[in-house]
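Data first, discussion second: the structure below is written as structure tokens.
To keep things simple, chains are lettered A, B, C and D as they appear, and every chain counts its residues starting from 1.
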Amino acid sequence: MKIGVVVFPGSNCDHDAYWAIKHNLGINAEFLFHKEHDLKGCDAIILPGGFSYGDYLRSGAIARFSPIMKEVIEFANSGGLVIGICNGFQILCESGLLPGALLRNRDLRFISKFIHIRIERGDTIFTGELNRGDVLRIPIAHGEGNYHADKATLQRLEENDQIIFTYCDPKGNVSEDTNPNGSQLNIAGIVNEAGNVLGMMPHPERACDSVLGSTDGVGIFRSLITAREEVAV
Amino acid sequence: MNPDTHTTTVEDAKNLGLTEQEYESICELLDRVPNYTELGVYSVMWSEHCSYKNSIAQLKTLPRSGSRLLVEAGEENAGLVDIEDGYAVAFKIESHNHPSAVEPYQGAATGVGGILRDIFTMGARPIAALDSLRFGRLDNQRTRFLFEGVVKGISNYGNSFGVPTVGGEVFFEDCYCDNPLVNVMAVGILKADQTASATSGAPKKAVMILGARTGRDGIHGASLLASREFDEKTEDMRPTVQVGDPFYEKMLLEASLELIASGIVIGMQDMGAAGISCSTSEMSQKGRTGMNINLDLVPLREADMSAYEIMLSESQERMLLVIEEQDIAQAEAICEKWDVPIARIGTTTDNGFIQLHHNGERVANIPVESLVLGGGAPVYIREQQEPVYLNETLAANPRELIGSITPSDAFNQLLESPNIASKRWVYDQYDSMVRSNTVQSFDSDAAVLRLKEVPGKGLAVATDCNSRYVYLNPYRGGAIAVAEAARNVVCSGATPLAITNCLNFGNPYNPEVYWQFAKAVRGIGDACRSFDTPVTGGNVSFHNESQEKAVYPTPTIGMLGLIEDLNHITPAGFQNKGDLIALLGEVGNELGGSELLSTLTEKVAGDAPAIDLEVEKRLHLTLLTAIQNGYISSAHDCSEGGLAIALAESSINSKEQTLGADVG
Amino acid sequence: MFKAQVDVMLRPAILDVEGKTVENALRSLGYENAGHVRIGKHITLKIEAESREEAQRIANDISKKVLSNPVMEDYTVSVTEIETAEAA
Amino acid sequence: MFKAQVDVMLRPAILDVEGKTVENALRSLGYENAGHVRIGKHITLKIEAESREEAQRIANDISKKVLSNPVMEDYTVSVTEIETAEAA
């Protein structure tokens, strides 16, 4: 089992994702440079957080044109497992792998703090080891995390159960007060219709080590690994 | 007649911020009259910012070496402290006060960019940033504009570059209303045997410029701005705004670290104030070489820039690099990978001269030694005179000034004071967790980072300075600033190792200001000697004044501490119900320069609290031993607002915000 | 040589949080009669092309594919001929 | 009722880091003939005023004092009359 971490110019959470997978989860990890055309046989791909191309023009607007993204899109369209974290989620939306877009935070300020997200579905590739209704304490750090999609898309997301994580309070209640950035329906993470591509704004890789204050991120990566091993065997 | 090479007059020198005597000594050093380009180079190299001419004599009294220091203070771009296990920590604090007063967002952003380059030019990967900020009162519209712009500038640059901003402080005091203080500190980690030095190495080496194109940014930017007070005519300085590009700097970081790791780097220095002039001359001095530079080879952003402009430009995100000629291809390959341009602009020589060529003509021929600190740059001992205001402030009786007030009224008013109230609005804008090393940040006395490179060990870093105390008693204030920084890292479970300092003062030509400066430096030196925390370097910022008054003397101290065992990490908030609360050290009823006095009466008066450095040292050792023996569940330093506020903060930051304190 | 001016705005249906904030600032500064503030990007670029039509085509292509995100933004493009020497 | 369109751009001498990055991206995407990219703000707002001149005066005042940062930016304003009912 090997997980690839893509490195775009300006990605700065690539080392964190790599460390979490290799040292906290004990799974082989490899950096995939944006100029390359080869996913090096990775079983799953992570688009890490950061400020690819400085977030200039729009977050993820330029990274989506990187050579490596052609491979990632092909990999995803053929069922390959992909997680886009924060900037990675923005890149997935810009490249059309996920619907909607991430607009500026409602209060026009960057927000960095621990928040709570509720698991809306326990039966996906990314939440198999967790249960519907569980609350995870995971940090966010972004300036453009305000998820937006038109009415029709939102309706489809709800009908197909593609909304995986929503911003909530420590007890799991979802309301306007628990919405840090103005995202519609408190959306913190969604999957594509096929269920093999996840985009989420919170940073699970920052919550995989008790010394940092939370290990709630481990379940998401653990689910991905178990799901992948079952398919491979 | 090429304006670059026309011979100059003393008038030209004055326009460039040099005094008549300085112009004469330049003529003596050159044994002729300098041309305009040469005079420009001298004007920035002999500016306050680069030469430390008015401060070096005092700085030399500070303890600047110690068993753990791998480099003497001032030798390299940042301090370098050995933390064993083959690793070292580079750290430094610098000011970007004047550019931030002109344009807060870009001023603060380029301040972060500059201090980060000082760290990675040594081969260290930046792992933490802190910012120590001071503004006027919040009820002033201009202050709010500066405050929001500075915080946004720091937030965006640090977050985009990918370094966690983990600590710092924010103060609001009337004296800073037109002249905010923006001090930024950065910390980096590197293998002790893989450091890069800011040297030219030896003759016949290739001199390369790495990074962004050179434009007309900030000409007479940081260097000259630091020698002029601010008054209404700030507006006409507008064009000299430098723009930072954190994305480009991230590419520059990766290229620089990969170049250093490849072993081909002979010497490297970042370009800060005075750009190419400073990096070429300082590296040449350290390497005891000269440099022949062809300015036609410098990649430019604007066409037809003069030699003068190229040499003084302070465009951001650039480095100077010295490598062997046969390694140029390898260097180019590494830079190509990171999309960072690199261009050869010259060669090191053995004649000890900086020789500049432009459009086929030699436009400058300057002896290196004559330019640099420790060489020909002037050193002044200014006149000192005890300030008149002290007669009044020392005579005042703070207890009387406060008059009668119930403890709860005083307590509530203190909690509302901007200097004490929560700074969450500021630090929630900083990504304090990127690089996933941050164990504690803004709600504890010092920021604490675990070190992936040295499993089980950690670093604690804090910045501190109570400028009211320094105003009321510079010697004591200087010592207290170091003591408080030490106390903060000790409260987090760390052994204080070394400090960096950012000395923000008024106009050194004013004897009262210079008295404050000399006394504060003495206080800092004595405290550092007592705690065995040598000074590893830092920065001096003079001419911090607005309208007529100097800002309070503000020697910001950045303290680095080592946590031998991650189990020693101690939070500031109460942890368990039923824990006993103990006060270490006596409570003197000293209200001089207190937050209570200024909140209730808007006065800063009385004397700074007494400090006994020996008692302070024993306090640190006692607390640290108790922590290391596992007796302590939380520890918090009493500072602004005293014991009452310390108890309040420990309750507010307690586990799940559920605990209070019952004090007999 | 041609100069393209591209305006990229959030689609009308989308709440413009930045515009709202500026609008509130205007009110507090006494500009009672100003409102409906919306903020987007104004992008200028120079295009070498044989004809205005070709420059327009290139500008449209760039605007559609790179400068704007159809999910949330609309764009308008105007192209004018300029002397080669003229500054952008 | 009048509609003001304000473009706020960095002064030509000031480095446009965003424009530079987008320009490099366009090059790498094959738009060899596009360059000199500069990115600023396009702001639209509605102004109630008695006359076009008054609306222009208000728009200028707002642009100078609120919408642009005199230290680093220039602005241009154009005002057109619109039916009161028309969308911004």
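In this section, contacts are C-beta pairs under 8 Å (C-beta built on N, C-alpha and C of every residue); 3 or more make two chains touch, one makes a residue touch a chain.
No experiment lies behind these values; they were computed from the predicted model shown.
Chemist: Counting C-beta pairs in contact, which comes out ahead: B-D or A-B?
Modeler: Greater number of contacting C-beta pairs: A-B.
Chemist: Centroid from C-alpha atoms only, then distance chain B to chain C, rounded to Å. What do you get?
Modeler: Roughly 40 Å, centre to centre.
Chemist: So how far apart, in whole Å, are chain A and chain D when each is placed at the average of its C-alpha atoms?
Modeler: Centre-to-centre distance between chain A and chain D: 35 Å.
Chemist: Mark out which residues of chain C touch at least two other chains, giving numbers and ranges.
Modeler: Each of 41, 66-67 in chain C touches at least two other chains.
Chemist: Note the residues in chain B that touch 2 or more other chains, in rising order.
Modeler: 245, 247-248, 339
Chemist: Can you list every residue of chain A that touches 2 or more other chains, as numbers and ranges?
Modeler: 53-54, 56-57, 62, 65
Chemist: If we use the touch criterion from the header, which chain pairs count as touching?
Modeler: Chain pairs that touch: A-B, A-C, A-D, B-D, C-D.
Chemist: Please name which positions on chain A make contact with chain D in the complex.
Modeler: The contact residues of chain A facing chain D are 53-54, 56-57, 62, 65.
Chemist: Quick one: in the complex, what on chain A touches chain B?
Modeler: 9-10, 12-13, 15-16, 19-20, 33, 35, 49-51, 53-56, 109-113, 139, 141, 143, 203, 205-206, 208-209, 211-213
Chemist: Which stretch or stretches of chain D touch chain B in the complex?
Modeler: Touch list, chain D to chain B: 11, 13-17, 20-21, 24, 69-72.
Chemist: Touching residues of chain D toward chain C in the complex: what are they?
Modeler: For this pair, the touching residues of chain D are 7-9, 12, 19, 22-23, 25-26, 29, 31, 33-49, 58, 62, 65-67, 87-88.
Chemist: Quick one: in the complex, what on chain D touches chain A?
Modeler: Of all residues in chain D, those touching chain A are 17-18, 21-22, 25, 28-29, 39.
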